[in-house]
Amino acid sequence: MSSSYGENIRLSIFGQSHSPAIGMTLEGIPAGEHIDFDQLQRFMERRAPGRKAYSTARKEADRPEFLSGVRDEYTCGAPLSAIIRNGDTRSKDYAAFSALPRPGHADYTADVKYFGYQDYAGGGHFSGRLTAPLCIAGGICLQILKRQGIEVISRIKSIGPVADESPLLFSTAGKDFPTVDEAAGEAMQAAIEEARMQGDSLGGVIECAVLGLPAGLGDPMFGGMENRIAAIVFGIPAVKGIEFGAGFQSAWLRGSENNDSFIIENGQIKTRSNNCGGILGGITDGMPLVFRAAIKPTPSIAREQDSVDMRELKEAKLSVGGRHDPCIVPRAVPCMEAAAAIAVYDALLGRRKELR
Amino acid sequence: MSSSYGENIRLSIFGQSHSPAIGMTLEGIPAGEHIDFDQLQRFMERRAPGRKAYSTARKEADRPEFLSGVRDEYTCGAPLSAIIRNGDTRSKDYAAFSALPRPGHADYTADVKYFGYQDYAGGGHFSGRLTAPLCIAGGICLQILKRQGIEVISRIKSIGPVADESPLLFSTAGKDFPTVDEAAGEAMQAAIEEARMQGDSLGGVIECAVLGLPAGLGDPMFGGMENRIAAIVFGIPAVKGIEFGAGFQSAWLRGSENNDSFIIENGQIKTRSNNCGGILGGITDGMPLVFRAAIKPTPSIAREQDSVDMRELKEAKLSVGGRHDPCIVPRAVPCMEAAAAIAVYDALLGRRKELR
Amino acid sequence: MSSSYGENIRLSIFGQSHSPAIGMTLEGIPAGEHIDFDQLQRFMERRAPGRKAYSTARKEADRPEFLSGVRDEYTCGAPLSAIIRNGDTRSKDYAAFSALPRPGHADYTADVKYFGYQDYAGGGHFSGRLTAPLCIAGGICLQILKRQGIEVISRIKSIGPVADESPLLFSTAGKDFPTVDEAAGEAMQAAIEEARMQGDSLGGVIECAVLGLPAGLGDPMFGGMENRIAAIVFGIPAVKGIEFGAGFQSAWLRGSENNDSFIIENGQIKTRSNNCGGILGGITDGMPLVFRAAIKPTPSIAREQDSVDMRELKEAKLSVGGRHDPCIVPRAVPCMEAAAAIAVYDALLGRRKELR
Amino acid sequence: MSSSYGENIRLSIFGQSHSPAIGMTLEGIPAGEHIDFDQLQRFMERRAPGRKAYSTARKEADRPEFLSGVRDEYTCGAPLSAIIRNGDTRSKDYAAFSALPRPGHADYTADVKYFGYQDYAGGGHFSGRLTAPLCIAGGICLQILKRQGIEVISRIKSIGPVADESPLLFSTAGKDFPTVDEAAGEAMQAAIEEARMQGDSLGGVIECAVLGLPAGLGDPMFGGMENRIAAIVFGIPAVKGIEFGAGFQSAWLRGSENNDSFIIENGQIKTRSNNCGGILGGITDGMPLVFRAAIKPTPSIAREQDSVDMRELKEAKLSVGGRHDPCIVPRAVPCMEAAAAIAVYDALLGRRKELR
C-alpha cells in the first residue's frame, strides 16, 4: 500500500495539505514505551515551517493530538494515532493547478492516476506537509532507540554547489542551520537567499548516520538495511537519490581501496574504514550506518514556467503563487532522521524474533 | 520478509551458493501469459558466468527447471516455481571463511546474525549467484511487459573512472560488452583487465531505462516508483547507491534548471527535459523511467587483506582463493533489467485495480 | 499487524473505548468512488448503541468525521481517514478491572500481553466499540459494491435456543429486529429480555449472504474467500465460530448429498443446491456466498462472578457495573455485513489484476 | 497472495497435483533450529496416501528433498525450501474435466478464474496433495514448538454421524485411526467402508488442541489467534467451518454459563472451564487452545453426477474415475496439526518483538 511502511511496526500516513487534518497510525510499538511529548514537540518544530527566512511563511503549530495508543505517557499496546489539524489553508491559491500542472510537481501524474478526482489543493496527499506525520512516528522511534543507546544524527552535506566537508560525528540538531562546518552553513544560507531573490530555488544533499547500532540488524536480499531505508526515504518528497557509505564514490574505487579491513578494537570486531556505510550483505556490522539523500530543488518557483492546459491539451504559461520554501533541504533534515529511525527500529524489532 | 518482494506479484528467492539448488517462486502472475523459454534462456545467459575474460571461471548452465505454474508454455495461474541445480561447487574453497571474514563480504554479519549457523560456503544466501533466480522472474516479467509495449534497456554507464557519455536510447543486450559508445566499452574492458592483472577489482555504474510506460503507475509516499525500484535493486549484491533522473546531479541544479517543462507533443502531454527520470510524486509521467545504480568493486580480490579470526578475536591475514569476477558490473546489467521489470510489472498490476 | 486487514485495500483501525477518539484509515480505494454520507450514517446507526431495550444505555452519535481522502463526496485517491470522538465515557466504572479481570473479557490477556500498560477502561482497544470504525469502512465498501450489483444481506439466525428457520432471501436492514421470520424475532427479543431481567446475557448466530457476486473471486489455498472472510470476521469481538454454506452440517452429509450439481439456468452455469456457500476451491462460483458466525453471550453480566486479583494472585469476587448489552447479536449484524463487504471488495480489486 | 501465509515467518506453497514437483519455501525461521529429518518423515507419513483402506491407492513416498536453508541438520537462516517430486501421475484420468467440472471441486471456478489456462490434471494447485508441503512446514514448526514445551494434539471428533465423545487430552498420533475412543474409531471406519462400498463419501470434524502455550500470544482485532488459525486452516481443502472453544455451542449458552471463571491453581491464573478455547480478545490465556474444523465429504465419488459442459454450455452426466479417498478426514488430521503449528509459531515469534 502506498502510504504505509514497515514489517514489524506499521506506519500509515493520511491526509492532504488542505484536508481537515493530517495524521498517522503506528501499529506494533510494544506496550510500556515512554513518550516524552515535550521532546517530541521540539523534534516536530525542527521540521515546522514559518520559522526561518528560507522557509514558507505558512504558519502551522504542527502540534500532534494523540487519539489513541497512549495511557499516562506510556504506549498501551494499541495502535498509536495522532493528527494535526490543517488550520491556515488557502485552497484558492491552488485552484489554477486543477488544469495547469506545476513542473516538477505531482499535479500532472495525480491527475492521470486519479482521473481528475485528486485533491489538488496544496499538492494534496503529495504535499511536503505529509512529512509532519512521518516526524511524529519518527520522533517516537528516536526516543525508543535513544533509550537503547542508538542515536540518529544528520546534517546538510551540500546546498547547490556549497558543501560541508567536515566529518559528521555529532548531532547538529541544536543548530539554527544544521551543518557541521558553520562557515559552510553560512555560505549555504547565502546561496539560498540569492536563489530566493531571483525567484528560484535550490536543492541539496543530506547526510545521516545511525550510531550505536548492534551488528546483525537487517536481512539478506530485499530485506537489507539499504532496501529498508531507501524504501522509506524515497517517501520524503523531492528525494531523487540515495547512497550508503562511499555510495556512488565506491564505483570509482578499486576493491583494494573500497574493502573495509576488519580489525580488533577494544576486544570488538570493527572495520578500519567504513566505505560500506555500516552495512554488509544488507546487515549492520556495528559501525555507523551512513547514508546520503539527494533532494531536488523546490519545484515551486516564482518565475513563469512552461506548462500545459490538461483539459484543453494546449501549452500554457504558469506562474506559481502561494508560499513556498526556496530550499526545502533544512526542513528535510529531521524528516531524514525520522525515516531512518523508523526503518532501524523496525529492523531492530525484527531482530528480536531471531534471538533466544 | 527478507527474500521476498512485491505487492501484487510476490517473488520469493531461495538457495545458497552451494546448496543443492537455488530457485524462486513467483505468485500472482495472471493465467494465460505466454513464456518463451528459449528467450528466457538467452536472457539468463547474459548473466551466466564463465563466458568472458572478466567473469569467474565457474561454469554453470543456469538452466532453470520449472516445477510448477505453467502448462503448455502458458502460465496456469498457480505459483510459478523454478530451480537451478548447483553443480560445479567447491565448498572446501570457502571453509577458511567460517572463521576469517572476507572484507566487503557478508561473512562477518552473517556470522553475527545467524549465530555461526550460516552456510558460509560461497557466500551462502548472500552470493551473487542468487541473482540467477531474480533473472528467471525478471525474464518472465520482461516478456509480459514487452507484449504491452514496455521495454527495459540498460547499459554500463561507467567502470571505475571510465564513463560511457553517449545517451542511452536503445538496448545494448545484443552486445558482447553492453555500452552505447563502443570505444568507451573497450576502455572499460582494458581497465578491468588491468585490475585483474593486479589482483584487484573494479566497480561501476549501470544505467537503466524503462520505455513505453503509461503515465499513472506507482503510488504516493512509500509506494512511489523510486521506493519500489530501490527496494528491489538494493537486493542485488554490491549495489550501494541509486538515483533517478538527474539524481544527485539535481541537488546541484536550481529549480528553474531542474524542473521539466510540460509540452504538447503529437497531442500528448510530455516534458521537454527528463530530470525527474519519468517519475513525479512517485508516479510515472509517461516519459522514460531512468535510474542508475552504483556497484561497488568485487570484494573478493587476490591480494592479501586484513581480517580477523572471529573465534579467537584476533587480527589475521586473509588471501581469498576461489574464482571471482574482477568486475561484476557486466553480469549485473541483466539483473538490473530483471529488477526493474519486476518492480514495473508489479506496479502495472496495481494500477489495474484502479481502472474501471 | 493486529489491527489491519486487507491485501488490495488496507483497513487500519485505531482507538480505545475511552481514548479521545476511535477511527480508521482505509487505503487503496480507487479515486472517483462516490460516498453518500447520509446513507453511511444510516448504516452506522444500525450498529449504534442506546436505541433499543436490548442495547447499552451509553449514547453515542457514532458520527464519523472524515479527515482525509474525500473531495466533494468522491474519493480522491489518498487514504481515507475518519474518526469518531469518544464523548460519553465513564472511565471510573472500569478502574476496578485493572486488577480484577472480567471473565470472558480480554482484561487478563491484555494485562499479560501489555505488561500492565494496557488501557483497561471500557475494554480499551478490545472494546466492541471498535466495530464502529469497521462499519465506516464497511459502509463505504457496501456502497461501492452496490453500484456493481453486489449486495450484502444478513439476519439473526438464532438467539440462544430460538432460531429463525425461514430462508434468507432479502435484506432485513430496514427492520427493527433483523430476522426474516417476525415471530421468531419476537421470541428472540423475549428471550433477551428474560436474560436481562435475570442479570444474564445471550449469544446467537448471524447469517450473511453476498448476492450478485461474479464467479472467479478469491484465490486458492490461503487466499480463499473462506480464509479472507474468516480473517476479518473473527476481528469482531465475541465471534467464536464461522461456517460457509452447509458448514458443520456438511460434515454430517454424504458426498452424494453435499455435492452441488451443476446446471444451466438461463444460459448460465449455476448449482442446483448451494451447500458450498458459493465458494469452491476458495473461489466464488457465482452463487450467493453464504456464511454464519457464532457470537458468544455478552461476557459482562450483572451477576457476581469468580475472578482473581492479578496483582495479589488470589481469588476474588467480581460484580461488573457499567452499561452493557444483554445481547450484542442485533448490533453485530451490520458489523458482519461490513466485514463481508470489506473482504469481498478486497477480493474484487484483486480480481481486476487478472483481467485483461 | 494466495499461496502464502504468515507475518513473522512466511510459508509459500507451490506445485500442482501433476506438475514436476510440489514444494514450499519457508522464510523467517531463525538460524540454529535443529531439524530431525526422520521425525519429519514420520510426520509426513501420517498424511501420505496409499496406506489404508480408506485412502486413495495412489502411492507417493512424500519424501521431501531440501534444496536450501539447512546446514548439517540445523537451519542456517536462509529461506528453507523443499520439494517432493510428483511421480505416480495419471494425467489422462483427468482430461475429461477440462470441460466437465466435478461437483464440489474447483474445476469450474478455476476455469473461470484462469480463463481455461488452469492445470486441471488432478485438481492442479487445488489438489489435496498440496497439503504435503504444508506438512513439511508444519512438521518443522512442530519440532521447534516441542522444544519450547508446546505440543499440538488432535483427533477425529466425528465422521458423518459417528462421534468420539471422549475428551481430547493426549496425542492420538501413534494410532492407526486417530480417535480417543477406540470403539468410536471402529464405528467411524465401518461408516467409511460402507460409504465406499456405495460409491459415496463421508466428511467429519477434526479437533485440535495446542498445549503448553504461554499467555499473551496473538493480537487484538484481525491479529487474533482465531483469525490467524482460521486464515491457514481454511487453506486445507474441504474445510467449511471452524470454531474455537465452545464455538457454535456458545451461541446457545447464557453468559453465566459460557464465561470461564478465573481461578488460582498452583499459584497461576487459570480458568475453571475453557469455553473460550484458550483465547480471550484474540490472545492466548494460557489454557489449551482448542478448535474444531468441519471437513466436507470428499467430492470425488464413484456415482454418476450432474454436471455441465462448460464449452458448449449444456448439461451433462459425469462419472469420476481415478483414485480417491472415500473419506479424507483421517489424512487431514496431521494437516490440521501442521496448520496450527505454523500459526502458533508465527504468533510466538511475533510475541518476541514485544518482550524486552
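Every chain is named by a letter (A, B, C and D) in the order it is written, and numbering of its residues begins at 1.
As a convention for this text, a residue touches a chain if its C-beta (ideal position, glycine included) is under 8 Å from a C-beta of that chain, and two chains touch if they have at least 3 such contacts.
All of these numbers come straight from a predicted model, not from anything done at the bench.
Looking at A-B and B-D side by side, the one with more C-beta contacts is A-B.
By residue number, over half of the contacts seen at A-D repeat in one listed pair from C-D, A-C or B-C, namely B-C.
Look at where the CA atoms of subunit B average out and do the same for subunit C: the two points lie 45 Å apart.
Rounded to whole angstrom, the centroid-to-centroid distance between subunit B and subunit D, based on C-alpha atoms, equals 38 Å.
With centres set at the average Cα position, the gap from subunit A to subunit B is 26 Å. Contact of a single residue of subunit B with at least two other chains is seen at positions 1-4, 13, 28, 31-32, 77-78, 110, 113, 125, 220, 354.
Those residues of subunit B lying in contact with subunit D across their complex are 1-4, 10, 12-16, 19-23, 25, 27-28, 31-32, 65-69, 71, 74-81, 83, 110, 113-119, 124-125.
Across the complex, subunit B meets subunit A through its residues 1-5, 7, 13, 101, 103-106, 108-110, 112-113, 125-126, 130, 158, 160-161, 195, 200-205, 215-216, 219-224, 226-227, 230-232, 234-235, 237, 239-248, 250-264, 267, 269, 271-272, 275-277, 280-286, 294-301, 303, 305-308, 310, 313-315, 354. Residues 8, 28, 30-31, 77-78, 220, 349-350, 352-356 of subunit D are the ones that touch subunit A when the two sit in their complex.
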